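Letters A, B, C and D mark the chains as written, and numbering starts fresh at 1 in each.
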Amino acid sequence: MQKSVSIKDLSLSFGAVNVLENLNLDIGEGEFLVLLGSSGCGKSTLLNCIAGLLEPTGGQIFIKDRNVTWEEPKDRGIGMVFQSYALYPQMTVEKNLSFGLQVARMPRAEIDKRVARASEILQIGPLLKRKPSELSGGQRQRVAIGRALVRDVDVFLFDEPLSNLDAKLRSELRVEIKRLHQSLKNTMIYVTHDQIEALTLADRIAIMKSGVIQQLADPNTIYNAPKNMFVAGFIGSPSMNFLRGEIVEKGGKPVFSTNGVDFPLDGYAAGEALPAGRKVVLGVRPEHVKVDEDGAGAKAHQASVDIEEPMGADNLLWLEHAGHTLAVRVAGNRRFAPGTAVSLSFDMGLASLFDAGTEERI
Amino acid sequence: MKIRSMAAALAVTVALPFAAAHAADLEVTHWWTSGGEAAAVAELAKAFDATGNKWVDGAIAGAGGTARPIMISRITGGDPMGATQFNHGRQAEELVESGLMRDLTDVATRENWKDIIKPASLLDSCTIDGKIYCAPVNIHSWQWLWLSNGAFEKAGVAVPKNWDEFVAAAPALEKAGIVPLAVGGQPWQAAGAFDVLMVAIAGKDTFYKVFKDRDAEVAGGPDIAKVFKAADDARRMSKGTNVQDWNQATNMVITGKAGGQIMGDWAQGEFALAGQVAGKDYTCLPGLGVNDIISTSGDAFYFPLLKDEEKSKAQEVLASTLIAPATQVAFNLKKGSLPVRGDVDLAAANDCMKKGLEILAKGNVIEAPDQMLSADSQKQKEDLFSEFFANPSMTPEDAQKRFAGIIASAE
Amino acid sequence: MTGQAHTGRPSRLLRNLSSKIASIPMMLTAVVIFLGGTIWTVVYSFTNSRLLPRAKFVGLDQYERLWDAPRWIVSIQNLAIYGFFTLVFSLVVGFLLAALMDQKIRFENTFRTIFLYPFALSFIVTGLVWQWILNPEFGVQSVVRALGWTSFTFDPLYNADIVIYGVLIAGLWQGTGLVMCLLLAGLRGIDEDIWKAARVDGIPMWKTYLFIVIPMMRPVFITTLVIIASGIVKVYDLVVAQTSGGPGIASEVPAKYVYDYMFQAQNLGQGFAASTMMLVTVAIIIIPWAYLEFGGRKRG
Amino acid sequence: MAETVSLKPGAALAATAGPPSEPWGRKPRRTLSRRNIMLYGTLLVAALYYLLPLYVMVVTSLKGMPEIRLGNIFSPPVEVTFEPWAKAWATACTGLNCDGLSRGFWNSVRITVPSTLISILVASVNGYALANWKFKGADLFFTILIIGAFIPYQVMIYPIVIVLREMGIYGTLTGLVIVHTIFGMPILTLLFRNYFSSLPEELFKAARIDGAGFWQIYFRIMLPMSLPIFVVAMILQITGIWNDFLFGVVFTRPEYYPMTVQLNNIVNSVQGVKEYNVNMAATLLTGAVPLIVYFVSGRLFVRGIAAGAVKG
């Protein structure tokens, strides 16, 4: 894969606070990469470094194999879309789109051509003469995307572009961005704290925490084989169930034991040895817990329904089991009254096992 | 206007080959803005304009304290005026020492100032290192007590003939609702009044010992204690004056709201402007009627060093115009001060001026504190006396102690 | 003092060049005028310069004399009284007016204009007008006496004990309008939801102001404080116009001492020593605050 | 604590607001409730205090001198005369010049217009650089500048005289404009810096991505968004410079003396009795320009202050 953006040993500190530490990241040509993390994790800072809006303390940034670490933003071949749209309030939509081109002293005809093309792609043609204040949030964000589009750049940077929109618009625009990526095939780097956006849009997701990339992988891997407990807990809603316990030996096989209840680890592909006595954490996503009406499963895994949250397509149950509260997702048509006794089992092939000390996946 | 200086420079280069026209505009700064003063300045301007030059008036109101810093800033800032008023004495000393002022010795020798200017001390204070730097225009004497005849009539007492009678008459005035002694709030008035009391009560020798020899022992001694006692009386009598400017205080005397005022002869201009006649409407007592001595300080014009040759010539013209007999008479009549030359005819002078001229002729003159003390010490004195006159709880003894301290540290 | 970190980049001097060029007037002003002028003043305060600055050093003589001068002591006391009451009253009255104006009143524009217009007038004008109103002969005192209360006495400008409060009345008249304006703007910036929450919780209005709103307005109060405080230290014209420092020396202030001794007494050294003392006082108060407020903070 | 005592009117107001369930704060009101009487009563009393001096000035300026001496200062004129106004404007004397304030008016205009424009331009660029293009050491300069706001002007006169002399512009209009720019800089820079900081930073970033440089962003993005703060700065500078006396008299020559110098001359050139009516008329005439500016644009002033001047 041809590298589009490459980041080497990037560090950034504000005074004594290190925001980014020796960060390395390669992004392929035409790839859609999402930087995901909670606020303050450094994802926006990283994006601003790539854009050239922040100067790194150390390390280099390459775009198309060119070292752009000290280049002006305009010379990097990037376009950027901001959370607050950042449209120039005093200019019409058309002026907003053409401002950057005018600054670059592009011939009028070429500017018009590009604005026309962008407004066609984004279907904002009728809005061209309006001021930003006369637009709805969704329209504004389209214009903001258009502003990046007209510049005909290699790399698109999105800084939480959908966060200011309501849920409906957000999902609409999400699809549109995906479509845009599919048709333009540009490299896109997208910062968000919203895991749905990350999972739906990304070719690869980089999950960040405290300035360090925790895991960089495709959405499927992130979801199903999280590299550590942070990633596992961050992705998925409701969060993965974590059960603290230890490995015991039962019949020559390692078995996960917690609060006196055992779960055989049949089907779990452990990457390393599981000696008895090792403290571990078992992670199971709510949809990977199987629930049966009382009596159908093993008696050892009896649980009772504490709360039921019907969500339409799904039904979310909160169970009490061996001192743990477990979230379980079942099909929407399976209803359980609170207090119902159930038995449960885990789909070990899809579960994750973490070392209790390092919190890394085993 | 903005291109004015450029145009002037151009004019000089063009005019130089011909060098015929002497006429120049000369800006003259001063702080003479009260009615009598302005009328007097107009005489100077008229005389100067008559020479073909032009007097550009740069009056700055608010007395010397406001005006002087502006004048000094302009001279040191490299934007000097053509001529400027200073009280002669030590105010311009440093400007002269820094070479910023023009040496007038040539004009003075040519016109024989040494012989015509009387008393000679006036020219002395213009002289630094044997060179003359200013043209004195008048003699001002501080030692006058101005009395409102009307006020005393109203109070039913005779117009006093000296300070002691005046103090004695004070209760009667107060009873009639008249402030016995008007002392304006400006600090220099209180300080000046004290100096006047000192000459009158302690005499010339003590006065010189204090101010010229800076003898702190005398300043703290019994003679001066008597002066402070008198100042204490004056303070009591001045209660209720409630005006700031000296001429407002003079106005209280003119209108009979106050019995009297210790003020220099410039107060005369205000009486004249109000149409009052000496002897009839008001009475003047030189030396407070105690000691017929007057001090001879006064105003003088200094001439900053200018690059412009035309203007330098005009400066010479102005200097000699100021000393010319006709100007002296016209100016001093309006100003109420005495001329700086003994050879002019002041037939038009009124009673009070004549009294002054007599004393001057007798040679009963002293130098003014201005000429003997630095502005710094004068200012400290002003602070002391303005506090003393405004603060009844300050005892004469305390004030004298501080006064002696100022004299001891004076340079 | 660190803004964004810059280490390790090439040609540091040339980075952000336009910004540096554009800031040259500011840098020159800060360094040449304010810093240079201050250092110059401090240096010459150790000389016996008279009419013109002369580098003849006399050690601490000027300072000894300064602190021996009764007038300087009075000036300092007056500044302390004037400063304290100006701060307290302009903040309290300003806030009170702002809070009243914030009650969705009618004629808000009219009231605001009335409270603010004195700010458009100079201290000279302010001083003159109040000198006149407070003049016992035809001002407030005479009017009240004419109404029949003949023993009424109100002559602050002619009573050395209270003259500084007469100056204060005029100063407050001129300055509270601006304070009100600043604080009103601050009040308008408070989230409506705060009021709703306080109301739902049943907190009385004055408590809401005192314990919730005022603490939230910290930045506004700081800006206001800077503006008021810088005005207090510099107070000069008002005193000159209203009382000329009188009666006697009862309403003298430090800035006037500086001016009088520099120019009237022609003792620059003494004036410089006095101004250095003023600067030291200001610096003790301001530098820690300025450092916290502007130096330590960075943009996120 | 003095504050609690002085806050009493406000507290009393709260007490009259009735039970907590009754709307207060930002809610609509009944027209004649006790609360409203207190509210408007307090405001009216305050308004009287603020209006009194203006009233006295206007009334006095319309009276003849005899009436002033007899009557009290608060009584309206028995016989209205515009004589004092005419005298103040055209014939009042300083020294030999008897042309009143008229001479100074145009000088004041010539000083105020360029000084206001240049000082605002410089300060706004400073504020913009400080807010958006911070460089190492910028804050240090800014801190010095802010401390400079506390230095009494008198202290700086001498050094500035020297600097202007060395630059050869002492006594010129240029020199005075520079002096006003310098002394306007601390507060104006603070205002502009705070304002520009309060603008969304993303706008600035977007413009940089669009390739705009320092000046392009300033002129094409920031300026058009900054009307409110420019109005505030204009008002502050116009009033400040118009009302200035000290610099006008120290740093210029008589032909450029502003109106305030003439005012001082008229007020302090006492010829006989103080002509209070002329003084008041002169005062009002001198204050007219800043007063009009306030009356006309007071609303914008408050909005501008609210728009960012008070943040940070």
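By our rule, a residue touches a chain if its C-beta (ideal position, glycine included) is under 8 Å from a C-beta of that chain, and two chains touch if they have at least 3 such contacts.
Composition by chain, UniProt nomenclature: C = Sugar ABC transporter permease.
Just so we're clear, the structure is a prediction, and the values are computed from it rather than from any experiment.
Participant: Quick one: which pair of chains has the most contacts?
Facilitator: Comparing chain pairs, contacts are most numerous for C-D.
Participant: Could you find the chain whose CA centre sits the greatest distance from that of chain C?
Facilitator: A
Participant: Can you compute the centre-to-centre distance for chain A and chain C, using the mean CA position of each chain? Integer Å is fine.
Facilitator: Distance between chain centres: 54 Å.
Participant: Could you tell me the distance, in whole angstrom, between the mean C-alpha positions of chain B and chain D?
Facilitator: 39
Participant: Quick check: how many Å separate the C-alpha centres of chain B and chain C?
Facilitator: Averaging C-alpha atoms per chain gives centres 38 Å apart.
Participant: Can you list the residues of chain D that touch 2 or more other chains?
Facilitator: Touching at least two other chains: 157, 213, 264, 267.
Participant: Got the chain C residues that touch at least 2 other chains?
Facilitator: Correct list: 2, 4, 6, 15, 259, 262.
Participant: Of all the residues in chain B, which ones touch at least 2 other chains?
Facilitator: 69, 76
Participant: Of all residues in chain C, which touch chain D in the complex?
Facilitator: Within the complex, chain C contacts chain D at residues 1-4, 6, 12, 15-16, 18-20, 22-23, 25-27, 29-38, 40-41, 53, 88-89, 91-93, 96-97, 99-105, 109, 111-126, 128-130, 132-133, 138-139, 142-143, 146, 173, 177, 181-182, 184-186, 188-189, 192, 195, 198-199, 202, 204-206, 208-210, 219-220, 223-224, 226-227, 229-230, 233-234, 236-237, 254-255, 258-259, 262, 268, 271-272, 275, 278-279, 282-283, 286-287, 290-291, 294-295, 299.
Participant: Mind pulling up the chain B residues that touch chain C in the complex?
Facilitator: 64-65, 68-69, 72, 76, 91, 93-95, 98, 185-187, 242, 244, 374-376, 378-380, 383, 386-391, 402, 409
Participant: Using the touch definition up top, name the residues of chain D that touch chain C in the complex.
Facilitator: Checking each residue of chain D against chain C gives 2-3, 6-7, 9-11, 13-14, 17, 20, 24-29, 39-40, 42-43, 46-47, 49-54, 56-57, 60, 68-69, 72-74, 122, 125-126, 128-130, 133-160, 163, 181-182, 185, 187, 189-190, 194, 197, 201, 213-215, 239, 243-246, 260, 263-264, 267, 276, 279-280, 283, 286-287, 290-291, 293-295, 298-299, 301-302, 305-306, 309-312.
Participant: Which chain B residues qualify as touching chain D in the complex?
Facilitator: Residues of chain B touching chain D: 1-2, 4-5, 27, 29-30, 32-35, 38, 41-42, 45, 55-63, 66, 69-70, 73-74, 76-79, 81, 245, 247-248, 251, 270, 273-274.
Participant: With touch defined as at the start, can you tell me which chain A residues reach chain D in the complex?
Facilitator: Interface residues on chain A, with respect to chain D: 48, 51-53, 72-74, 78-80, 82-90, 99-100, 103-104, 144, 147-148, 151, 159.
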